[in-house]
Amino acid sequence: GGDKNTKEGEAGTSEVAGDLSGSIQIDGSSTVYPITEAVAEEFRAEAPDVKVTVGVSGSGGGFKKFSRGEIDIADASRSIKASEDSLAKANNISHVELSVAYDGLTVVVHPENNWVKDITVAELKKIWEPAAQGKIKKWNQIRPEWPDKEIHLYGAGVESGTYDYFTEAIVGKSHSSRGDYTASEDDNVLVQGVSTDPLALGFFGYAYYEENQTKLKAVPVDDQNDANGKGAILPSMESVKDGSYAPLSRPLFIYVNSKAAARPEVVNFVNFYLDNAAALSQEVGYIPMPAEKYKEEKAKFQQFVSGAAKK
Amino acid sequence: MSKKPYKLEARNLNAFYGGFHALKDINIAMEEKAVTAFIGPSGCGKSTFLRTLNRMNDYIDGFRVEGDILLDGRDIYGKDVRVDELRKEVGMVFQKPNPFPKTIFENVVYGLKIQGIKDKKVLTEAAERSLRQTALWEEVKDKMDKSALALSGGQQQRLCIARALAISPSVILMDEPTSALDPISTAKIEELIYELKNDYTIVIVTHNMQQAGRVSDQTAFFYMGELVEYAKTKTMFTSPKHERTQNYITGRFG
Amino acid sequence: MSKKPYKLEARNLNAFYGGFHALKDINIAMEEKAVTAFIGPSGCGKSTFLRTLNRMNDYIDGFRVEGDILLDGRDIYGKDVRVDELRKEVGMVFQKPNPFPKTIFENVVYGLKIQGIKDKKVLTEAAERSLRQTALWEEVKDKMDKSALALSGGQQQRLCIARALAISPSVILMDEPTSALDPISTAKIEELIYELKNDYTIVIVTHNMQQAGRVSDQTAFFYMGELVEYAKTKTMFTSPKHERTQNYITGRFG
Amino acid sequence: MRLLLKSHLACKNFPLRVQERIIEGLLWLSAVITILITAAIIWVLLSESVSFFSEVSIIDFLTDKEWTPLFAQKHFGILPLVAGTLLTTAIAIAVALPIGLTIAVYLNEYAPGRFKQTVKPLLEILATIPTVVYGFFALTVVTPFLQKIIPTLAGFNALSAGIVMGIMIIPMISSLSEDAISAVPRSLREAAYGMGSTRLQTAFGVMVPAASSGIVVSVILAISRAVGETMIVAIAAGQQPRLTLDPTVPIETITTYIVQVSLGDVPHGSLEYRTIFAAGITLFIFTFALNNLSFWIKKKYQEKYD
Amino acid sequence: MTNSDKNRLKDKAFQVFGIFCTFIGLVVLAIFLIDILIEGISRIDWDFITSLPSRRASRAGILTAWAGTLWILGLTSVIAFPLGIAAGVYLEEYSKKTKLANFLEINIANLAGVPSIIYGLLGMEIFGRILGLGGSLLSGALTLSLLILPIIIVTTREAIKAVPRSIRDASYALGASKWQTTWNQVLPASFGGILTGIILSLSRAVGEAAPLIVIGALAYVPFVPTSPTDEFTVLPIQIFNWTSRPQADFLVNAAAAIIILLLITFILNGIAVYLRSKWQNKVKW
C-alpha cells in the first residue's frame, strides 16, 4: 500500500505546499537520517522553494542543537533524556515526539554456521551481559550441543542508540554489556566482519541484514513470551510490524520544536512526513508502523500545533 | 699628495661572532676617492671588517659590533640610519659570485628596479654601461634574457660587479673580487678600479700583494683580528714598520 | 729530462652541454708524476675538461662526451669502468670550498671511512697528516669536532684539499684550488704540490700565471673550448708558439 | 601573498620605511595568529575537560587499565586508547619511514630526472585518496590477505590499519624528504663523488645528513598525520579499547573514540560526552610531547650550509 | 678491493630496493585506481554530476557535493595561503632569535601535529557555536584553514631556508630592503618548495572528512551553496555517507564520487606540479 499512501500524501498537501518558502533545519540520528532524507527529497517536489537540510550529528548532537533552538526538527533513535529536556525548557522550547517507523535489530551469524537455528533472549543475555566478559568465550557455553569453538561477537558501537536499545532489551539495563566485542558505528563494517568470520555472532539494523541476506544468516529470536508470537521469530516486515518480533524492534522518532511548529512550511513538512513515512521508510530499509499508528501521530501533531499556536 | 677628507672611519671597533672576538679595537680612517686595500692571512678578519662597513653582518645571528663606524662623519650604526639607504651608498661585491637566479638583464638592473626605476630605456642603458665597465658586454649582449647561472664562474663574478656598479654608490666594498677571475678579466677590473676612484671611494680585500700594490693608495694589514699596520701602499710595501707585516709581504708569491 | 710514461691522455675529445659545444677536439697527453697546468680565459672550458678527467660531469643533465680519455692506457669512459674506483684513483679539489656539513675530523676522514676503514687510530693519524700537509693542523687541531662550516673560506678550502689527499689518489685534479687562499697558505699549497709530484700526477687549473709557472712542468692553454697550445711550462712562458698564447701570457698581472 | 602584493603597490608613494613596518607588522600578525589558535584549542579542550576531571580523578584516568565510559560499569582509564594510538602509529611509521626515505633517496640519487618528475607527483596521489577508501581497502583487501599469513589475525586489527596508514603517509615522507635532499647544494654531492663515494654513500653519508632537518620535518608531519588519522582506524582497527601491543587484535585509538562519540547518540553536556574532550586533551598533550621531542632533535642536529 | 666490491654491491642492492619501494607505492596506487575505476566509472555520467543527492542510488548525484568541495577549496585557499605564507616568511626572514620567535616555532611545529579531529572540536566550538556560523561553508573553511596553516608555514619555511644566504647578501648589498629582498629574491627562489606545501595541504583539505563531520557538515543538502554562510556538503562526506548505507548500489555511487574527488585533486596537483617544475627549472644553483 506504499504507493497509494504516497499519492494520497501528495494530493493532501500539494495545493498549499507549492507556495511555501523558507528553510527547515533537521539534524540528529544517523539511523533516522535515511527516512528523513527520503521525505525531504520527496518534499522538494511538493515545495521546491523550501530548503530542507538534514544533518547527521547523532541523536545526542541533534538533541543538543534542538534544545538550544538551533534546529527545527530532531531525528532520534531514542527518547529525549531528562537533561536534554531541561535544557530545552530553559530555552523556552517545548516539543512533540512523533514515531515514524520501526527498526528491527537483527541477530546474525555467518551463513556457514549450521548449529545456530534459533536463540532465546535469555541466551543472548548470557552472552552479552557484563558478567560474561572474559568468561563466555565458546559456543558450547551457551548451549552444550553447540560446538566447542570460540564465539566472536560483533555489535553496534557503545555510543549508538542501537547499542543503547539492544542492551536495554536484552540485558535489561541500558549501557550494560560486556566490552570485549568488536564494535563499529558503521553497520557495513559489521556486515563485513560477520560475513567473513564463521564463528561470528552479531547484531545490527534490519536494513543492513536485508541488503546482505546472501552473506549473512539471521537468527530467529525467542522471547519465551507467547503473548507476542510463539517460539523463535525471524525479523521481517510482518513480524516487526505486528509486534511479534520482540523485544528487538524499536521505534524511531522525530521531535518537532514548538517555535518551528508555528511556521507553515514546517507544519506542512511534518504532515507530509507522516503521510509518506510508511512508504518511504520501507523503501530505505526500515519497517513502517501500522496505518492507524500514523493517524494517531498525525493527530498528536495537530494538537501540538494548535497548542503551540495558542501560546 | 694633498690630504683628502675622510670618507669612512672606524673608531675603537670591536666585533664578535657570539663569543668569538673577530675584530679587536680597530681604528682606521679611509680617504675619499681613494682605494684602500685590506690584506692579511686567511681568517684574520678582513671580510668581517669589510662587511661591518655596510652592516652586511647585521643579519648574522650573534654578530655584535662595539665602537663606531663613520661614513661622511655620521655613525652608520646610529639609530636614525637606514640600512637600505646606507647600502645604496656603500655597494658591495662578494668573494663568491652570487648572481640571482634570474636573467642577466634582471641581475644588472635589480638595484635600479628596487629603487622604483621602471623606464625600460634607462634600465637598458644602465645595464649596457655597467656590463661594458666589467668587460662583460661583448660576451653576454646576445643572451641578456638567459639565466645568469649558466655563465662560468668568472663571468658570474663580473656580472656581480656590474650589478653593484649599476646603482652608482659612493663607496664600493670588494671582497676578493677577482679571486675567481682570469688575468685578462682581472686586469680589466683593476683598470676599472683605477678609473672608478676618480668618483668613488673603494675598499678592496685581496690576498694578492701585486694587486694591492697596483690598485691601492692605502693598505691595511690585519692579523688575528687586529689592524697591525695601516699606511700608504708604497710605504708599506717598501718599508713596513712591523715585523709581521714584513714577514707577510715578503712571503709573497701571488 | 727523461721521457716519463703518459698517465692521462685525451683523444679527439669533444664535450657538449646540451647543444653547447664546450670542448672541441682536444688531444693531450699528461705525464706521470708531473704537474700539468691548464690556463686560459674565463669560460674557455678549463673546468669542463678537468671534470671530464674523473667523470664529474656525468651527473649534469645533457652533458655528453665524445672521444676517449685514457688513464694508464684504459678508457675511463669504457663500459667496465667503475666510476667510484676511478674517483678514488683521480681525486679532486674544487674551485669553491665545499666542506661537508660535518665536523672537521669527519671531513678529512670521509674518504677513508667510505672505504671501510674504521680503526680510530688510523683515521686520526691520516687526518693529522693530511691537515699538516695543507698547513691547517695548527689552526684546527683543537676544534676537530667542530663544524667545518665555521671555518673561514680559506680554511675551508685547505680542509677540502686535506680531504682529497687523505685517500691518497694517484692523480689529483685541482680547479683553481688557491683562488680563495691568502698568499701564505697558497705558498704552502704550492710547496705541497711540488712535493706531491714525486708520487702523484697533478692537474691544476689556475688563472694565476706565476702559479702556473712555479708549480707546473707542462702547461696547456685553452681558448674558447680549444686546446691552443700545450708545451713544457718553461718553453710556453718563454717562447709561446701561438699569438693567442703570447697575448694571454703577456697580458698577465697575477 | 596577493594581498600583500597589492598593498606593496598601493603604498608606492608611502615612505619605504613605513611600508616596511606595515608589512612586517602584517607578517608578524600572521605568525602570532598561530598562538591564538593554540590558545583556542587549549581553551576549548580545557573548558570541557575541567568539569570532566572534577568528576573523574586524574589518577584513575592515567592509571586505570580499562576505558568503558559508556558502559554501565564505567572505567575512565585512557591507557588503552593511548596504546591503540601508539600501536597503529608505530606500525604506520615502520612502514612509511623506510619506504618513504628509500624512495626519496632513490629518486634523488639514482633515478633519471624524467622518471623522478613523473613518479613523485604520482606518489603524492596516495596522500590525496580519501581515508574512508583506505579504511575499506584495509578491511576488505589487506586483512583477508594477512589472514592467509597469520591465521590468528582478527577481522579488525591494528596491523592492517597501521600498514595501510603507512602506505598513505609514504608520499609525505618521500616528497618532503626528496625536496630537502634536492635543496642540498650540488657542490656537496660533487665533493662526495669526487672522493669516490658510491651513490649510496653519497646519499646516506652526505646528502641525508645535510638534509636532516627537512627530513625530520617530513617525519613529524607524517607522524602527526598517523596519530590524528581517524577514518582508517575507525573502519579497520576495530573499536575495542584494549591495553595491548598485540597488533593482531582489535583496538581503539583516541581519534576513533572522539569521532564516534561525536557522531553517536550520547547526550551532549553529559559526563560521557566530556570524555571526548578528555581524550582530546590527551591526544593534544601526546602530540605536543612528541613534537617537542622532534623539534629538539631537529634543533640539535640541524646543519647549516650555504 | 673487497671493500669496494662490497660497497658497490650495497649500492646496487639499494638501487634494486629503491626501485622496489617506489613500485610498491605505485602498485598500491594502481590497485586502488583500477579497483575504484572498475567499480565506479560506469556510474559517472552527466546526470550523476548534475543531480542532487537522493535516497535512490540510481538517482543520487553529487552536484551539491562537488560544488561544496570547490567552495571549501576556494575559501580555504583565500584564508590559509596568505596567512600561512606570511607567517612562514615572518618566522624565517624577519623574526630575531627571541624567546617569542622560539615559542612561535615550537608552537607551529605543535600545531602541525594536532590531529584533524581536534581542529574539528575547535571549529565546532569557536566557529560553529561562539561565532554562530553553525555547519556553514565559512565555518568549514575556517576549520580546514587552521588545519592546513601549520603545513603551509612549515613547508614555506623549509623552502625559504633552502635559498642560499649569498642571494640575500647580494640583494641587501644593492640597497634592497628586507621586504624587497623577500619579495624579489627569496619568494621567487623558494616558490617551488612553497607550492609543494600548498599541494600537500590542499590535497589534505580536499580529502578531509573527520573535522567537518565534527562541525556538523554531514548532511543532506539539496541545494548548491550560494554564499559562505550556506550549509554545505563535500565529496568526502558524501562518500562517507554513501559507504555507510546498507544498499550496495550506494557503494558504486561512492566509488564514482571517489573518481570525481580524485579528478579534482589531480587537476589541482597537475596545475601545481606544472608550476613547480617550471619554477624549479628556473632556480638552480
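Note that the chains are named A, B, C, D and E in the order they appear, and that numbering of residues resets to 1 at the start of each chain.
The criterion applied here is as follows: contacts are C-beta pairs under 8 Å (C-beta built on N, C-alpha and C of every residue); 3 or more make two chains touch, one makes a residue touch a chain.
All figures in this text were calculated on a predicted structure; none of them were measured in a lab.
Under the contact definition, chain C and chain E share the contacting chains B, D. Top contact pair of chains, counted by C-beta pairs, is D-E. Centre to centre, using the average C-alpha position, chain D and chain E are separated by 14 Å.
Rounded to whole angstrom, the centroid-to-centroid distance between chain A and chain D, based on C-alpha atoms, equals 37 Å.
Separation between the centroids of chain C and chain D, computed from CA atoms only, is 47 Å. Among the residues of chain B, those touching two or more other chains are numbered 84, 96.
Counting partner chains per residue, chain D shows two or more touched chains at residues 16, 185, 198, 201, 262-263, 306.
In chain A, the residues that touch at least two other chains are 30, 56-57, 61, 186. Of all residues in chain A, only 29-30, 56-61, 63-64, 76-78, 81, 83-84, 87, 130, 152, 157-161, 164, 173-177, 179-186, 189, 192-193, 196-197 touch chain D in the complex they form.
Those residues of chain E whose C-beta lies close enough to touch chain D in the complex are 7-8, 10-11, 14-15, 17-19, 21-22, 24-26, 28-29, 31-32, 35-36, 81-87, 89-91, 94-95, 103-122, 124-126, 146, 149-151, 153-155, 158-159, 161-162, 164-166, 177-179, 183, 187, 193, 196, 199-200, 203-204, 206-207, 209-210, 213-214, 218, 235-236, 239-240, 243, 258, 261-262, 265-266, 269-270, 273, 277, 285.
Put simply, chain D touches chain A in their complex at residues 66, 68, 70-73, 139-140, 144, 154-156, 234-235, 238-242, 250, 260-270, 272-273. Taken together, the chain C residues at the contact with chain E in this complex read 82, 84-85, 88, 114-116.
Chain contact summary for the complex, chain D toward chain C: residues 113, 185, 187-198, 201, 205-206, 209-210, 303-306.
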